[in-house]
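Shared chain: chain A. Partners: chain B in the first complex, chain C in the second.
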Partner chain A sequence: MLNYLFRRLNLLFITAFILSVIAFILTYWSSKNTLADADAGYIIQYVKYMSAILQGEWGLSSIDQQPMLIKGLTAFASTLELCFIAFITANIIAIPLGIFAGLNRNSLLDYLIMTIALIGLALPVFWLAVITTMLPRLLGIPLPIDGGISPVFEIPVVSGFILLDTLLAADTYQLDAFFNRLAHLILPSSVLSLFLITEIIRLTRHSITMVMKSNYVKAAYAKGLSRKEIVFRHVLKNALPPIIHQLRLQLSTIISFAMVIEIVFSLQGSGVWLLSSIKEGDYLALPTAILIISGFILLSSIFIDILLMIISPIKRKSLYVD
Partner chain B sequence: MLINNEFNEEKIQSPLQYTWSIFKRNSLAITAMWGSLILILITLFADYIVPYAPSTQYVKHLLLPPYWVEGGNSAHILGTDDLGRDSLARLIQGIQLTLGGALAITIAVSILGSVIGATAALTKGLKASILHHLLDALLIIPTLLTALILIVMFGPSYENSLIAVSLSLLPQFIRGIYISIENELNKQYIISLRLDGATNVRLLRFGIFPNILEPIITLLNRIFTMAILEISTLGFLGFGTQFLDVELGALIASSIVLIYSSPWLVFFPGLAIFIIILVFNIFTEGLRHAVIEGEDL
Partner chain C sequence: MRFLFAFTITLLLSGCYKNESTLTDSLIYCPENTPQSFNPQISHDISTLDATTHQLYNRLVKIDPITKQFIPDLATHWQQNDNKSSYTFFLRKDVNFHQTDYFTPTRFFNADDVIFSFQRMLDKDHPFHSVNRVTDSYFFNHPFTNLVADIIKIDDYTVKFILNKADVTLLANLAAHYGVIHSEQYAQNLLSKGHPERIDFYPIGTGPYKFKNYEIKGITRYLSHPQYWGGRPTITNLIFDVTPNNTKRYAKLLSGECDIMTYPAPSQLNTMSVNPSVVLSSIPTANVALWSFNSVKKPFKQKEIRQALSYAIDQKTIVNAVFFKSATATDTLLAKQSWAYNPRSAELQYTPQLALQMLKENGFDFNNIITILTPIDHSVFNPNSHKTAELIQANLFDIGVSSEIISLPHSELEMRLASGNYDTYLTGIDVHIKDPDSLFRPLLSCDATILEGNSSQWCSPEVQDLLDSTLLEPNFIKRIKNYYQLQDIVQQERPYYPIAHVLRFDAFNQNISGLHVNALTGIDFQNVRKIEAQ
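Right, the complex of A and B next:
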């Protein structure tokens, strides 16, 4: 177990190093004329760059002279908020459906659920988002389709998570700002959650089927346990780790899609921030985004790995990290 | 001679024939197979079957609806866009670029990924670890960011978007191949093959490969689907094809302002992506079932 942990941390450092090199190359490339001592070797410049990064000096945006780190973190917090809401919705809907499909394989309901999942996978996210922006007008639902929050509200940025900030600013607007933000999130998060739902249904169904085929479930049947008891006592517990593991690998795809959805809905977040920065020629935004977003994905992967190690004993014995 | 030539059904089939005979029974999968073949043919011969040159502007026919809608013209079956370009021709060109790109990525990624993944699985120690985790850093950079890096450094182009998508899919494939080979390696028959003195290549070709067909098909399907989605997403954001050539995502983006006056222009490219993914998924799902038939479905 310690060996595994050691290897995992080793990987963390190597990957973080590669990431920082990529970010350094980009920064160097985008500001090659403005660096103070361009004569110094690459290694010295890299060390200087890293010490600046570690001290929190990530440079200033060339658009409004704001510190990059703050801008990046605020934008990414908004993206995370969207991902988080979509993720929770998707789990609530998809896990029961997946379990149901996995337990009743090749039944009519299984085919129905899998057809829905296939259709959800085949619909491109950005296209669905574009179609969804038409819905309120076509169906007459009063839901906002652009922006993160109505400009009436002036919410001071405290945590970057606007839902939290609106709650903190509850003195001025009561809960109006909170509900306004929530209304702005409904359509984008449902588009994102559709993609997540198809993924989670597929993973859950596959995982449940694998567990149902295993010998210990047969043994449990032989012991005389009822199907319900087997499912709750053995199957669910053992089906969970592979799902979490696979979802971890999907993390970067999910964030990628969230950024695209933000761009379509012009929801403030890292997608809009990056796109506009690059169009304005503020290339320093790119290494900042790489460090923040990939750093987040890296750290959460490690966190999930350790979590998996705690909840599934098989992982503890494995020597190699995968 | 014990072989009975009288009754066909008693002939012993080769594994390939057996798989095919199972696959044949699934009519939905057969339909999907023909659908995929037609789509691939469209991709290969798009230049010969387009009704008009995709960039020709018919100034007299602006924003025509499809011909079955009031006001449509049967000369332009799917209507025209705001510059009078034929929608069907542009759609076919879009399918060519998107599907062709996705197929190219799938082939390139599968060849490169198999080589790296198999080498990593069959060797031990530091070399295996380096090979296996070589591209881990890419796994944690979202595709959109990889694409942005390439585009900022080398300028936006269709080729760069393809490279970005392949770079983000390659580590996933390597990982998949590595895990499935690793699972097979611990089994008894591989050990007995090893004891017989089989070389690694022979082990892969005759021992492992036939047994990991099913995960390979699933992986390929996955790579292909994600490639289509990501190519069109990059195209949609304007990082893909430039100027006259448009792939499906860019086609949607270019007509997004016309969504209320002419929703067809947004609708058809999306439908094309939908159909491509659906058809290929049903086809590979049928194939997968045929391969694992005999085991528990």
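Right, the complex of A and C next:
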């Protein structure tokens, strides 16, 4: 177990080192005129930079003199919130659809579901987001299309996850602010979840098909189990790990799509933050965003690995390989 | 099925969501840009004026929107001496300054506040004179430096303005946006805390709304001023929610996320005007969209080249294609409603043959590629600078002149302008008071820098002399004559090609009433009422 963790962490350190070098180069390039000891060697400066980063001193924003780290984390929390909502929605919708398609492979239902999934795959997210901003007006649904929460509500930033913060501020606004935030998230997360739905349907369908072909399922049929029992007892459990594994690879795509969608919907988050910082010439936001976002992706991919190891016996084998 | 189910559930959840249009004590105004500061004495852009002049402050006098007469604001009445060289103002009593979480006033408004507000601009040794580098802008103290010699406190509620010489523009200047009154007590308070720079960003005034907070993403919140001398406004929460994209502003107006929006896209005006739920208001302004020729750079040093290019431009098509009905095509820099407008100004004629002939006669190098510099974002002067530039490019191409469009974001544009490395520049100018000087001086004075408006880098002793002498000319007929002469010179020399005088448009929902917009000093929310939308 320790051996395995050590191997994973090893990979983490190498990747983190490369990322920190990129971040350092960006920082150096954006603020070389303001560095105190610009004459010192690159290595000394890098060491100093890293020690400052590790102590949490990520520099100040040139726009409002606020600490970069806090700004970056707050913005990223909002992006994560969007991703999370979209992820939940997508799972609720896509996993059942994928299972149906996988179980009834090459049936009319399968073709129908896969057609929808392919259409979803073919639509560019940016275009879809722009079209979605027109939907409320066309359909007459009173949904907001701009911003993260109505400016009527002043929500103090506690966790950065605005849904949580609105609940914490429930003394002032009851649940109005919470529902307002939720309403603001519906359209952006629908767009983001469409991409995820497509992805999850395809993965689930494939995974279910594979499992259904396997010998133990055939054996289960031979044992006389009903189809329902087979699906719930054997198929689902074994189909899940490959899906999680594949979704891990999509994590960075999801986050970058979320950032694009944020910009279309003016939803405060890392996409909007990064864009406006660059527009205002606050280039320190670039390395900050690289470190935060890639750091998150690295950590979560390791976390998912460990999770897979716990739930999947096949993966667990890798524990004992030296 | 499940998808539909999930979607219906979320839609039901959104039923708990209350639209902003149901909150009658909160008003959301969606402007196009963030204000540069919260002091109209130092920032003259329209976003700052909208966010400050009428909301946070009062002036000594103001202009009645209907009769155009000067009416009392913080001064109840005033007297001028016989030769109009001094004015005495009698101040309103029991006027409260804002009480906020950063300042609590302990006295009423009095003469000290008036003196502080103007001495900051006039007195070079004043502790606030150069705070926030306001003196970098030529326009900071310009309107008053030549005008006012001194301001004397006669008693707590009487002040006397002594002028350098007889001048009729004092009242107009006091009614302009930079005539706002700040709190002297607050300034002293800031000075003792060592943070004088906060005066322009954490404002204290006497206006109907007080400043609450400003968020970096472009949200400004105001609260109504409960002790406002003119009666407490019916709106408690006034919120400015900056939305740069004009399509989105309109969508937000329709969805009730905005109650009032400013500057709709010209292309939307037709659909807006037929929408029964939206009210569209328009007022003419003296703001003009221009194409300026860099008169210190070859080949635009030559008057004939500048003239030739102005014959080559099809102004009518540009105005129809870019501005739609949001502007009126113009031949002159000065708007027709100005008293100094010269009705016999030469007209701009679209005659490409003549242009070609003039270019050939004056040895224009047709291999030369001229640059057309434009801002990348749309501005208040021009809803689509790039499209305008493309139309100009096509017109130039027709007479064999090749050109290159350079669209730059704001910060890079300023750098490029300051370097002087451009041939032509698509821009505009906004005018602060009705006096023609406020239009001509930034464009034509040798003292005005490129960033202040003189993008043609125009400097001629004759024009400078006319500008300076007219400003101090007591005889009104003579002033008009001088401005006629100035306009003739400008038409001849053609440092600028005027494209159109823009209108200011604001749109608001049916449940809003009492909105007043002033073309010069900005939007006024004091008497706005909001009823629940149907």
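Definition applied: the second predicted complex is superposed on the first by the 315 of 322 C-alpha atoms of A that agree within 3 Å, B and C clash if a C-alpha of one lies under 4 Å from a C-alpha of the other, contacts with A are read in each partner's own complex, and residues count from 1 in each chain.
To be clear about the criterion, a contact is a pair of C-beta atoms (placed from the backbone, for glycine too) under 8 Å apart; a residue touches a chain by one contact, two chains touch by 3 or more.
Since this is a predicted model, take the numbers as computed values, not measurements.
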item	value
Combined model on chain A where chain B meets chain C, clash or fit	fit
Which superposed partner A:L182 touches (first chain B, second chain C, both, neither)	second
Which superposed partner A:L118 touches (first chain B, second chain C, both, neither)	first
Cα-centre angle that chain B and chain C span when viewed from chain A, reported as a multiple of 10 degrees	90
Contacts of A:E154 with chain B and chain C, given as first, second, both or neither	second
Which superposed partner A:I93 touches (first chain B, second chain C, both, neither)	second
Contacts of A:P142 with chain B and chain C, given as first, second, both or neither	second
Winner by number of chain A residues touched, once chain B and chain C are compared	B
Smallest distance from any CA atom of chain C to any CA atom of chain B, in Å, after fitting	5
Chain B/chain C common contact set on chain A	133-134, 137
Interface residues, chain B side, partner chain A - complex	129, 132-133, 136-137, 139-145, 148-149, 152-153, 168, 172, 175, 178-179, 182, 225-226, 228-230, 232-233, 236-237, 249, 252, 256, 259-260, 263, 266, 269-270, 273-275, 277-278, 281-282, 296-297
Contact set on chain A toward chain B in their complex	11, 14-15, 18-19, 22, 26, 29-30, 105-106, 118-119, 121-127, 130-131, 133-134, 137, 213, 249, 251-253, 255-257, 259-260, 263, 271, 274-275, 278, 283, 286, 289-290, 293-294, 297-298, 301, 320, 322
List of chain A residues in touch with chain C within their complex	63-64, 89, 92-93, 96-97, 133-134, 136-137, 141-147, 150-152, 154, 175-176, 179-180, 182-183, 186, 190, 266, 268, 272, 276, 279, 281
Chain A-touching residues of chain C, taken from the complex the two chains share	2-3, 6-7, 10-11, 13-14, 16-20, 23, 26, 28, 213, 216-217, 219, 221, 237, 239, 241, 243, 245, 248, 251-252, 254-257, 409, 411
